[in-house]
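Next up: the structures, one after another.
In what follows, subunit A forms one complex with subunit B and a second complex with subunit C.
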Partner chain A sequence: MTRVGQRGTLVGRAGAFVILLFFTTVSLASLYLMVTSSLTHLGTSFELSDLDWYPKDWAWDNFSGFFALTRGAGFIWFRNSLIVAVVPTVFNLFFSAMAGYALAKIDFPGRLAIFWLIIAVMAVPAFVTLIPLYQMMFRFAWFDTFFALLIPRMAGLGAVFLFKQFMTTLPKDLMEAARVDGASEWSIFRRIVLPMARPVLAVMFLLDFVAAWNDYFWPYLVTNSKDLMTMQVGLISLMGVDQGFVLQLDYGVVMAGAVLASLPVIALFIALQRHFVRGLTIGAVKG
Partner chain B sequence: MKSLLVVILVLALALSWLGFWTVLSSPPRVAAPGAESAGTARRPAHGDTVTVWVNELIGSPDEAFYYELADLWNATHERVAVKMAVMSHAGYLSKLRVAIASGQPPDVCLAGLETLESLKYTGKASDLAVTISEEYFPDERLGRMGPVVKRTIVRDGRPTVFPMYRYCYGGVILANRAMLAKAGYDDARIREEGWTFEQFRDACRRMTRDLDGDGAPDTWGFGAALVHLRHLFLNEFGPGVWGREVSRHMFLYQDTETGRWGLHPDLTEEQVFRVFLLFDQLLNQDKTWSPAFLSMNWNEINDELIVRRRLGMTFGETPWVAKLRGDVWDFEAARGLHNDVSPPDLTVIWMPTEKPGRRPLPRAGVVGFSVLKQTPYKGDQHTENALRVALYLTHPVHLARSQVRRFRHLPPEPARFAEIFPELLDTEDIWIRFYNTIMDSDIPLVQEPFATGDPSIPAYMALRTEVERWLEKEGMGFLEQVVYGKMTPHQAAEGFTQGLRVVVAEASQ
Partner chain C sequence: MVFPLWYLVGLVFFWALVPAGVLVGVDALRKKRRRLTLRHQQWFWAYAFLAASLAWSSLFLFVPLAQAVVQSFTNLSLSSAAATTWVGLRNYTNTLKDPFWWHALFVTFVYVVFTVPAGILMSMFLAVQILKQPKPLQTFFKAALYVPGVVSPVVGAAVMKWVFHSGDGFANALLRSVGLPPQNWFADPALAMPVLIAMVWLSANGVGVIVYAAAIGNIPKTYYEVAKIDGASPWRVFFSVTWPLVKPTTIFVTITGLIAGFQVFAPALLITGGGPLKTTYFVNYHIYRTFYYENDFGMASTMAVLLMAVVVAVSVVNYRWLATDVEY
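Right, the complex of A and B next:
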């Protein structure tokens, strides 16, 4: 490579580094400010100028205050969010992995048509299906029940696509050898395919979990009972202005709730970070 | 194969468990003392259930109040149960819109009819709010509520809302009476006669003062937030220039011959310029409206007026705002928060108009409970039950415990209310009297209601929705450019008028 070419590459890398550093700083700064605010008594009138780079009074009582403010409902919100995030995600991975395996490795009539149908349906915006889904919840009598929160998320086309793309890259010889040894399709799937699909399982679990954990509108839409509130719905219910008068709550307490709400996602990301980068490139693999 | 069976079994068990849990969360139960109730106590096993949606601050006293009301109903009515759902303000209208569009709105919901009609048309629903018969809402009662209430809730000759409280948003200025007097203006006279843009600007200039001699103003004549710009433009300063008729239907006009809706022929670019000019004069020429107020929220601006006393006048709402602030001040003073400062001397006056004698357009109306129909229709008996529940929720005794007490909202029937609760409502109070001036007048409303039988309503609502979308996305951008000195009023008026013409022309085709 010429010296000019090297210099161009270096400039390009430096530019990319600066851009990445900027976005990383912005992302981390907002998280950091959330944490410092959760350790500060912000009062009821919260302004941007109240934010500080260090906790002013180390108000650990904001965390107990959060549960006191919600009269214990904070625990229920947390539990509900966990259920709503974990249960459908596990089911979605299970169903999607099976579908992806079938589409990638099993020959059957209409396989390609099904795959392209999946791709086509993925192009339909989620909000287009909102009203029909809402109506279905009523017809099935699932409105204001856990079913409305869980069942619609139990299968996702995006995950099917990713699993199919990943499984296409697996050598067919492995499956053939297992079949020769007398293994059933279920055994091949469980003993050979699933262990090899660990990176894509990890990344899909993370993405699906985060999407479900952070979802606000659907849980708000299909539930009314306080017993079914998720963390996001609960947190937002604490905010708001009524006729210009803010509910008498300390914003530091709400920030403490926000910190608690973000902990599972952060913990999960740290736990699955190893698989994350590899998993993200799965969709880019030519199938 | 064995593993597959195990997985299927586990799935089945998990779903059954969830089903069991879900069923557990909905059966009748009596709330423990001090605990939140779901409004389901003593629900009859085979009765009709009326669902009620209310938007309220979660954790507020009113949230508990609504659940208590539901429990009281359920404890005293064997055949009809109330299932109360109090939900937060955030997302409430979106939720209601989806529910309406899917044909599954709640049986009874808290909202203004203006909101419901807007949701109805954007949600593509029809035949929504049930009209209330004489049995549940006598004409005599309606007559006592005044013309504004009547016009905002009557459709096809019958009311469609059980009023909870009356409101008035905008149209008035909340002012520091002492500062106003020092500037040479008498609040009582302005309430009586109104005032002009020039008088208003003059008052603002006199109130904007450098008290410490450092060359920078310490008090400002007028201040409003960015969120108020739209209202000030469309409903206050705007109608003060182009008149009420142009504003009545959001710049739209129905050709009486063809029945088609289009842009109001009386609206001119010159008029839009004059309104933009007033904003420019206050913010950029006279500098009597500090740009700092634009980035404040409603509470901060009120603090500037009431606590810090750096602001002479601001965008006002109904007199209850000032009354409530007075209460808050007393409360804070009792806690030693305002030792050396006298209590705020606030007053309410009209917004100015370009020419004397005109009146601005407040967004006045009623918030209350409406009974809605579902698809498929649940039957007349169910509707009757829902009407009874809505009537129950708006009984004066119940109103006294909720909004009126907390916020000093005015109840829909002040005379009757004052009779029952004289300690809560003094009808001779100067604020109440001014408020009643608005409510008892023939003042035009921001969104003039229609009779539901008018076949042109869907076309109007569709066109109006497009105009509102355009205003949100582009139209108000011109005003913001003027406010921040990035565009002259002339340029902005030209852009605004052209854009409005295009959007109306395209949408009405």
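Right, the complex of A and C next:
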């Protein structure tokens, strides 16, 4: 633990490598198992010998089996998940970047109060607001419509913190120079700040997209009709909730659905990986 | 359906104009100058930029939060025919008398105690190991430890249900292949919770690892060289150099971990159904059942407010305890 500064002896480094290899193997094992079994004919009961280290029978028909099992609804689930994950995220990034800029670079009374408000609301458990929000969806007649899935996510305080932390690190000179030249705050934000914020925009897009794509409880709560189901709600409908036992399902087919539900987030993570490590550490390393 | 959108429009205009207007008005009166200075214009810009965030959080966060607190003092329920009235503290006393509430709180505490500190220590340990590797490997390990975390709880539950199926699951197939008797896993009261906790231990907390790797990597090497010259033991170096210097990160990881830990819900809903014998009956699951199945919104709101109190109290205590010697 101590040789941080100089990376340690060869033996220490090799030991560390083995430890890391173990944990990465374990943590990737579930994904690996999911992918392998999605490409294997498993049926409802199986033996370990049915499964191999590689997809034994390349059972691509598990994927067509998934769409058959859902009677074609799988496409609609996937489309709905994409809409729910992309549309509100784009709005949220735009509004949160604006808010973050104001908190980081404009001097105004109330700034500190709003900043502390953002910190404080992090401790509010989702379930506290969930019950009134559920009632609100009925009052607004948004229950079982796309409004309930899209509108509440389009802005908020959750993403503002990271934007504020990032924009505090931007040099003030450029903005001051632009202000002296008579540029409005809007054009400073649009022409100078937004282009410089590209890395944090990439990270926030990833985090917000993943959060929306993976969200299962809100869509499960506020939608009923089949053509509003997202990928997660669809998988839940296959698996069942509130029960400790497992239905007898063709696991190969269910895992094919699970792969489809994971593909976009993993692909996006790999695509934006470059920005990622830096973006995640903005808020957390310095208090 | 479209009408409520006007609430949002109204709130955006309210937040864009009213606070800045009031502030500028007060400032102008105090300074006895009628002119709008550049400074005042900036105030208007600031609130205009914040307007959407504040409008949305007003409608979808602050109003529901207030409503939850208010209706925790009522008997609002869809399942009873009685008219909704104020019941004072009755929901609170009923909750404190409810054995399931205390049981759920206990189960949640057990889960938090066994997962949060272990998760933090693990992240720190793995971050130190990662920093010993050459740069390209560092990137690989960080990514490999993070990726499983982007997969949804539903997918995770689907995989877990299959791996730990009490009949033909993967885990049982493994046990059989080495000649051990198969287990009931999530159907066994003695195993359900330990398996959930073990899964948290084995799946490293990717965010924690990345954040700690950055924090520890930022510590100037000279500190370690000085400690070495002074002949400090490895543990001494860790407790005198590394630990205090990554304190802000520890606070961040602890508080976010506690807040998430107390809200554990997905395993109960998707895998165990709170069972077997209520051994995985978490607080959030109790709230969900009260609200979704019994439709007792008053009681459910009360429990949610109490959970919030617990989360805030535990966070504040931990912050006080951890932040004793932090300098920002």
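As a convention for this text, the second predicted complex is superposed on the first by the 244 of 287 C-alpha atoms of A that agree within 3 Å, B and C clash if a C-alpha of one lies under 4 Å from a C-alpha of the other, contacts with A are read in each partner's own complex, and residues count from 1 in each chain.
Here, a residue touches a chain if its C-beta (ideal position, glycine included) is under 8 Å from a C-beta of that chain, and two chains touch if they have at least 3 such contacts.
Treat the numbers as computed from the prediction; the structure is a model and nothing was measured.
**Q** Considering only touches as defined above, state whether A:Val265 meets subunit B (first), subunit C (second), both or neither.
**A** Only subunit C is touched by A:Val265; subunit B is not.
**Q** Is A:Leu228 in contact with subunit B, with subunit C, with both, or with neither (first, second, both, neither)?
**A** The answer is first: A:Leu228 touches subunit B but not subunit C.
**Q** Looking at A:Leu39, would you say it contacts subunit B, subunit C, both, or neither? Reply first, second, both or neither.
**A** Touch partners of A:Leu39: none, neither subunit B nor subunit C.
**Q** Quick one: classify A:Tyr251 as touching subunit B (first), subunit C (second), both or neither.
**A** After superposition on chain A, A:Tyr251 lies in contact with subunit C alone.
**Q** Quick check for you: in the superposed arrangement, does A:Ile131 touch first (subunit B), second (subunit C), both or neither?
**A** After superposing on A, A:Ile131 lies in contact with both subunit B and subunit C.
**Q** Look at A:Thr145 in the shared chain and tell me whether it touches subunit B only, subunit C only, both, or neither; answer first, second, both or neither.
**A** A:Thr145 sits against subunit B and subunit C alike.
**Q** One more residue to check, A:Ala99. First (subunit B), second (subunit C), both or neither?
**A** In the superposition, A:Ala99 touches subunit C alone.
**Q** With both complexes overlaid on chain A, does A:Ala59 touch subunit B (first), subunit C (second), both or neither?
**A** neither
**Q** Would you mind checking which one, subunit B or subunit C, touches more residues on subunit A?
**A** Of the two chains, more subunit A residues are contacted by C.
**Q** Figure out whether A:Met175 sits in contact with subunit B (first) or subunit C (second), or with both, or with neither.
**A** neither
**Q** Could you tell me which stretches of subunit A are touched by subunit B in one complex and by subunit C in the other?
**A** 45, 47, 130-132, 134-135, 145, 147, 184, 186, 216-217, 221, 236, 239, 241-246.
**Q** Given the complex with subunit C, which residues does subunit A contribute to the contact?
**A** Its residues touching subunit C are 1-8, 12-13, 16-17, 19-20, 23-24, 26-28, 30-31, 33-34, 37, 45-48, 51, 95-96, 98-99, 101-103, 106-111, 114, 121-136, 140-142, 145, 147, 151-152, 154-157, 160, 184-186, 189, 210, 213-214, 216-217, 221, 232, 235-236, 239, 241-246, 251, 254-255, 257-258, 261-262, 265-266, 269, 273, 276-277, 280-281, 283-287.
**Q** Mind listing the subunit A positions that touch subunit B in their complex?
**A** Residues in contact with subunit B: 45, 47, 69-71, 73, 87, 91, 94, 130-132, 134-135, 138, 143-147, 150, 184, 186, 190, 216-217, 220-221, 224-228, 233-234, 236-247, 249.
**Q** Any idea which subunit B residues touch subunit A in the complex?
**A** It is residues 1, 3-4, 7, 11, 14, 18-19, 21-22, 25-26, 36, 38, 53, 56-60, 85, 87-91, 94-95, 98-99, 101-104, 297-300, 302-303, 317, 321, 324, 407, 409 of subunit B that touch subunit A.
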